[in-house]
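See structure below.
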Amino acid sequence: MKKDHAALRPPMGWNSWDCYGPAVNEEQLLGNAEYMAKYLKQYGWEYIVCDIQWSEPNAGKVASGREVPFYMPFAQLEMDEYGRQFPAPERFPSAAGGKGFAPIAEKIHDMGLKFGIHIMRGVPRQAVHQHLPVKGTGTTCDKIASSTSICWWNADMYGINADLEGAQAYYDSIFELYASWGVDFIKVDDICNTSAYPDNPYSAEKEIEMIRRAIDQCGREMVLSLSPGPAVIEKSWHLRQNANMWRLTDDFWDRWDLLLAMFERCEVWERQVSPGNWPDCDMLPLGSLRLYLNDWKDAAGLEFDTTWTNFTKEEQYTMMSLWSIFRSPLIMGGEMRNNDDFTLSLLTNAEILRMQRFGTNAHQVYRTEKACVWKSTDQEDGSVYAALFNLSDSAAQVTACFEELEIAGTYQVRDLWAKEDKGTETEKLSAWIAPHGAVVYRLKK
Amino acid sequence: MKKDHAALRPPMGWNSWDCYGPAVNEEQLLGNAEYMAKYLKQYGWEYIVCDIQWSEPNAGKVASGREVPFYMPFAQLEMDEYGRQFPAPERFPSAAGGKGFAPIAEKIHDMGLKFGIHIMRGVPRQAVHQHLPVKGTGTTCDKIASSTSICWWNADMYGINADLEGAQAYYDSIFELYASWGVDFIKVDDICNTSAYPDNPYSAEKEIEMIRRAIDQCGREMVLSLSPGPAVIEKSWHLRQNANMWRLTDDFWDRWDLLLAMFERCEVWERQVSPGNWPDCDMLPLGSLRLYLNDWKDAAGLEFDTTWTNFTKEEQYTMMSLWSIFRSPLIMGGEMRNNDDFTLSLLTNAEILRMQRFGTNAHQVYRTEKACVWKSTDQEDGSVYAALFNLSDSAAQVTACFEELEIAGTYQVRDLWAKEDKGTETEKLSAWIAPHGAVVYRLKK
Amino acid sequence: MKKDHAALRPPMGWNSWDCYGPAVNEEQLLGNAEYMAKYLKQYGWEYIVCDIQWSEPNAGKVASGREVPFYMPFAQLEMDEYGRQFPAPERFPSAAGGKGFAPIAEKIHDMGLKFGIHIMRGVPRQAVHQHLPVKGTGTTCDKIASSTSICWWNADMYGINADLEGAQAYYDSIFELYASWGVDFIKVDDICNTSAYPDNPYSAEKEIEMIRRAIDQCGREMVLSLSPGPAVIEKSWHLRQNANMWRLTDDFWDRWDLLLAMFERCEVWERQVSPGNWPDCDMLPLGSLRLYLNDWKDAAGLEFDTTWTNFTKEEQYTMMSLWSIFRSPLIMGGEMRNNDDFTLSLLTNAEILRMQRFGTNAHQVYRTEKACVWKSTDQEDGSVYAALFNLSDSAAQVTACFEELEIAGTYQVRDLWAKEDKGTETEKLSAWIAPHGAVVYRLKK
Amino acid sequence: MKKDHAALRPPMGWNSWDCYGPAVNEEQLLGNAEYMAKYLKQYGWEYIVCDIQWSEPNAGKVASGREVPFYMPFAQLEMDEYGRQFPAPERFPSAAGGKGFAPIAEKIHDMGLKFGIHIMRGVPRQAVHQHLPVKGTGTTCDKIASSTSICWWNADMYGINADLEGAQAYYDSIFELYASWGVDFIKVDDICNTSAYPDNPYSAEKEIEMIRRAIDQCGREMVLSLSPGPAVIEKSWHLRQNANMWRLTDDFWDRWDLLLAMFERCEVWERQVSPGNWPDCDMLPLGSLRLYLNDWKDAAGLEFDTTWTNFTKEEQYTMMSLWSIFRSPLIMGGEMRNNDDFTLSLLTNAEILRMQRFGTNAHQVYRTEKACVWKSTDQEDGSVYAALFNLSDSAAQVTACFEELEIAGTYQVRDLWAKEDKGTETEKLSAWIAPHGAVVYRLKK
């Protein structure tokens, strides 16, 4: 299927949200791109993704007293005469003169990387209330908007009613623009958790389908990533028909309870993973995060107050191990230029990353309240990957016998994080693991 | 309590919705006012109320393909520079030149009647997206709007976030305007069924409180009527603190199942009725209704296709009897100039209307699937009202014994609809009643 | 109405649950009766009520590992040949020889008091599975039971299906027995919160009606008290038709959050209070409570671990004041023989109790997050009661102006808890009140 | 995995429910076994399953006035001294003398077939209330039962609380018995739709795990089939760990709307199908059904009143095609001795049945409101199966292009129901199909 070609292996990249929130700028995008080109590209990392609100000149000013302090409702967005958003030149100087993201994309492409952007589903309310024309049609934006299809946490858009004439044309018009800029990856937001639309659970589905069609005819291959989660497993077939990635949870951050909950989500979704279809555990909150806190010292209602990851090293191993054996996309969230050696080491362990790229038939072997074991098989050489997780708050022995792993015989065992060969095993795998930690073994006959 | 003074007895009047939907005009308002002055005023009828969308020049054009065909979303509303809606001169010619409803109100007052208008809670989205100033403040409409507080069936407004500076000032500004026009009755919509706001059930409550304060300081007494229902009985205390009428159900129309369901609602609310506090069974769909259907012949999704009430005469007696003994407001919904003799007779039965105005301690005596009996007591002369309802689909005997009515002794009985004295009773009341019909007795010692 | 005669004023008494749980015995019942006769009877206290599981010989043994540790499921209950429960002679020696509660009732009557018992709705599962006959019929208990109508927290009973022949006869048979014992008050459990029966919300209603009919024809007047709450306000009419008391909440205990929540419940129910109809705030957890904890030291899952009330003195004033002005039944929960002087003083303040017995039209004047004011009027002399509550965690001034109280003129003010005359007031009432405390004033012209 | 070995291909068999309800007897079981051995065995059919209530001597007497008329609550079940149910000799004469199902199983084995039985999860209420011992333990049935874990539609059992001592021992004791009888297939009821236990959603999961353990240690391989549905997709991992079949819907009957709804369920579950794990579309209501209606002419509340399938021939093709390409178990529901030629032909189409047994990677290609296409691939020869369904109420062309089928080149096409070669295709498959009908093609290079 053509859609699948855009992501035959799980995408790897960087996204601006975890470090810059709604306020990333051109220098930050390009600086992280340069870092990636220099340190990470050779390991498979390739996407640089600009997250939400790039059309808002003043994005990142906290809206005090508002339900959602992150966004200033009813702000004036940068738009063209067809109600299509453009990057705000105040933040992205190269976009001046109507060039949009084309100059940034070109620079990133020149580094051998790919470029992605975030959009909210729908059409800007601003375009609707101004009755702007939909490009290439005789209709206007107010004629295609659904007045009740709104986002609970961001006031920029109205959803588009697929039953109205001109609906598809609007989506076609924006993807035509994105293709002209050279966009390779599109993260569409407020669309994935279709149970969020109790009045009309199908509205988001139809918007997903319109976006799929718009990509298919825009003339450029793009990875389609849907947010936020939790995606609904009953809709898996629909997601696999239309998208390449979809989020399994609401925003993931550096809290152990959220990481623990991901084990249950991976269990539910393990059989939905296949080329072109990558259930998404969300960005990796590693290293240098939430740099906007430096400006928002007085903002109320913010859950985290640190600008470095709260995860212990053991928890970071666990996250990287689970994401990689499950084959989630790997999207680094921290400001990479601030990486310390440990953080960089997590992103450049070639043996772990090979498991993410070449593992197959990944599945949970067992899970209790205290431990969890996953297994997958290397597509190329048939070696077996086994990840052992200590979910408890104390150091503990975690074991998987060969019968559970459905293997038999003598295997050479290698510890992929320690990068050590461990000799041979014939009956079971076992490790004494620190609290919240993980060990990943590769087994060869 | 000051609030209660505006409606010491349950209001009686006429409202444009049932016959003209969102499209009533000046001629129709004044024509019905003249009719009321001539034929009904002497029976206590006094309010002429202009329902929804009087600021929309093209209101009543059906929006095909839309979720709610009645309203054209994102239409341009008539507004002043402070985001306050004005009647559209295209439909209300006397409003030209910024006079608003003042000329119409004056004519109605000159007839010895009172004038009411409908509003939606909140601030026009149009004013928000234009960032119009809030009168008398340094803030703008976008700074007080709640971007997610919208109405499911009409796209005109955003709710107002009471926690933001300027919120009360906006409500004050519109009630100052309405007072200057001479408004006596205000029907606020999208505000009564507070369970309709699952994300923030208190938002509507706080808007009710802002409206109460705005009325209290506007310098003019106004009846405050809240729609739509169903009102939530748990919120009865709050409603009684703030409003004069509140709807017990969603829109009431001329269907027997809806009338039957009202018996259960009245049972629930019977103890909340008191001077200034009138749980509202909604308009009376009598006579000539839905005249807009003459223009909308092809509109899809409309539930009714007749322009005369579907209620049988018996059902009309039942409705008038229940509304009157329960002491609901009586708001005629039909185009009164088209009344036939029977319809007019329902509105001019002085003995029934006295029960609505002077009954007290009204309560259900019993209700089964087949019959229902209500009782109240005349405040002035102590006579007893008993309404007997046949809820079944066949003619039947309905009986109430004196013990159930908590009376004893010999009573003279008068049938108020038949206007006949029925002799004396000492043990019980009884009547053979047509299907869906009612008999109302007044008993005197 | 005949039903109302059983409780023309809100009942006052004592119940064994708060101090003895499911394990009260004859000595404890009679000991508290003697105490009441000696110290409380002259203030209006009269009912001695034996709570749950009096037919279980071993009641009060904690069931470890069970969902509800209080009850031993499938225990053998004392029953007669018709499946009617009898008090277990092991705990109530005077019941031996089939005398049931008659000897205890007689002793209590001889003290000038009244006697009440608790029952679960339905028929014992034990009687059902033994196919015992229903007295006076040709049918058996298994033919009237509803196999799916069970209680979530006690395994003794099946609900009775009112549509089956013999259903009413079973209830008649038990109330005939209770009348023969001399029971004056019946607390029926697992029946009040009808929303607890999602599969058939009407089953509990029909059982309430069967119980009403059984009482009406048993030949003895009994107060009917329904548990547990929360009662559903939409069912108020049905409750008023059938019962004398109904619980507003789930079990009430000595925790401030529960007491605070009662203010909201009283607001909702204030208009449902009338002679014979007493919305019930539940027992008063005062003084010596949970004496079973002395035996159950190791029981898991118990919420409280103290055998004296956790309420501060101020909170005790608040509870007594709210219950009394709202006119809740007053049912002492503590072991009265352990009362200290303060506890006894709460139960013997004649002026406060007069408010409970003679107040009328009680209603909340206002409530904020920090304070609340209630008002009622003495039926006999027209004096005004005003209760001022400080709901905050700091000492604070609480005020009610005369306009809010809907009074005018000069009033002599008396503080009912302090038993002090406070001079006259002409404009407002005000008091500096300790955290969680209350002041009650009586005002006379 | 050992569990999977019991059903490496989707089971095929017959079950007594659709034709005999709760009242099947020995003659009927053996008669259908003989039919299967003679006409169907060579096509792969092998299981004869006795459905619900085989321990109830009078099963099938309708319980008038009851919520569920099919079952007589509190009936006396045939049990041994350990609370283990035995077949009632009144209906299964060979079971007399405590032989249980062993004689019937032996006869069925002698025919070259396998034998299955239905059980309800839990322990008989009758055993609980009699406090019978749990075999091999010092505890009794009342000590392991969960008093609130009941079935909504059958009153025989209490669920077993896995946390109580003796819980596993009871399940072990019954599977030891079933193994001694020679049972090969166990259908456990009231256990699959774990969302049916809102108070404790894990209770059913833990019972599933106890049953799994009991089978694993009983010494005999048994297929484990769980009912009723709908199974919850979030629990797929747990189901795959423990069972071989689980129901996708509530009881399936011969109604088009139910058949149509199965397409959506198959879409949701398509990726959960693998050896040993067979999401189950339920029995095939074909031919002679509901023979109990001959006795129950007056029973109220029965949904169907015919004793022959209501499905059209086209619908029967559709059902057989969907079940077979999805790889649902195939369990005939009708009395096979009454089969007509057409019914028999559906069960003996070797080419269709090969698709069910050798298809792999079955998945929906697309589905609209009017049509649906599925594809799978033969494990052995790589030929492609494509099923085209006309879901509309009119005859229509249904098409699948090769790109959608992800195939390319020239294929020889055979129509498996018509048993006709259709020549070659290079671009698409297409068929003109009667309303609700299906065509199945096999494509070879």
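Labels A, B, C and D are assigned to the chains in the order they are written; within every chain, residues are numbered from 1.
The rule is simple: contacts are C-beta pairs under 8 Å (C-beta built on N, C-alpha and C of every residue); 3 or more make two chains touch, one makes a residue touch a chain.
Molecules present, by chain and UniProt name: A, B, C, D = Alpha-galactosidase.
This structure is a prediction, so every number in the text was calculated from the model and none was measured.
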{"item": "Separate pieces, if any, that appear once chain A (Alpha-galactosidase) is removed in thought", "value": "one piece"}
{"item": "Whole-Å gap separating chain B (Alpha-galactosidase) and chain D (Alpha-galactosidase), where each centre is the average of the chain's CA atoms", "value": "57"}
{"item": "Whole-Å separation of chain centres (CA-atom averages), chain C (Alpha-galactosidase) against chain D (Alpha-galactosidase)", "value": "52"}
{"item": "Where chain A (Alpha-galactosidase) and chain D (Alpha-galactosidase) are represented by their mean Cα positions, the distance between them in whole Å", "value": "41"}
{"item": "Residue numbers of chain C (Alpha-galactosidase) (touch at least two other chains)", "value": "none"}
{"item": "Graph class of chain-chain contacts, one of line, ring, star, complete, other", "value": "ring"}
{"item": "Interchain contacts (touch definition) - all pairs", "value": "A-B, A-D, B-C, C-D"}
{"item": "Chain D (Alpha-galactosidase) residues within the chain C (Alpha-galactosidase) interface of the complex", "value": "65-67, 73-74, 125-126, 128-131, 142, 145-148, 150-152, 155, 161, 163-165, 199-200"}
{"item": "Residues on chain A (Alpha-galactosidase) engaged by chain D (Alpha-galactosidase) in the complex (per definition of touch)", "value": "1, 233-234, 236-237, 267-268, 270-272, 364, 406"}
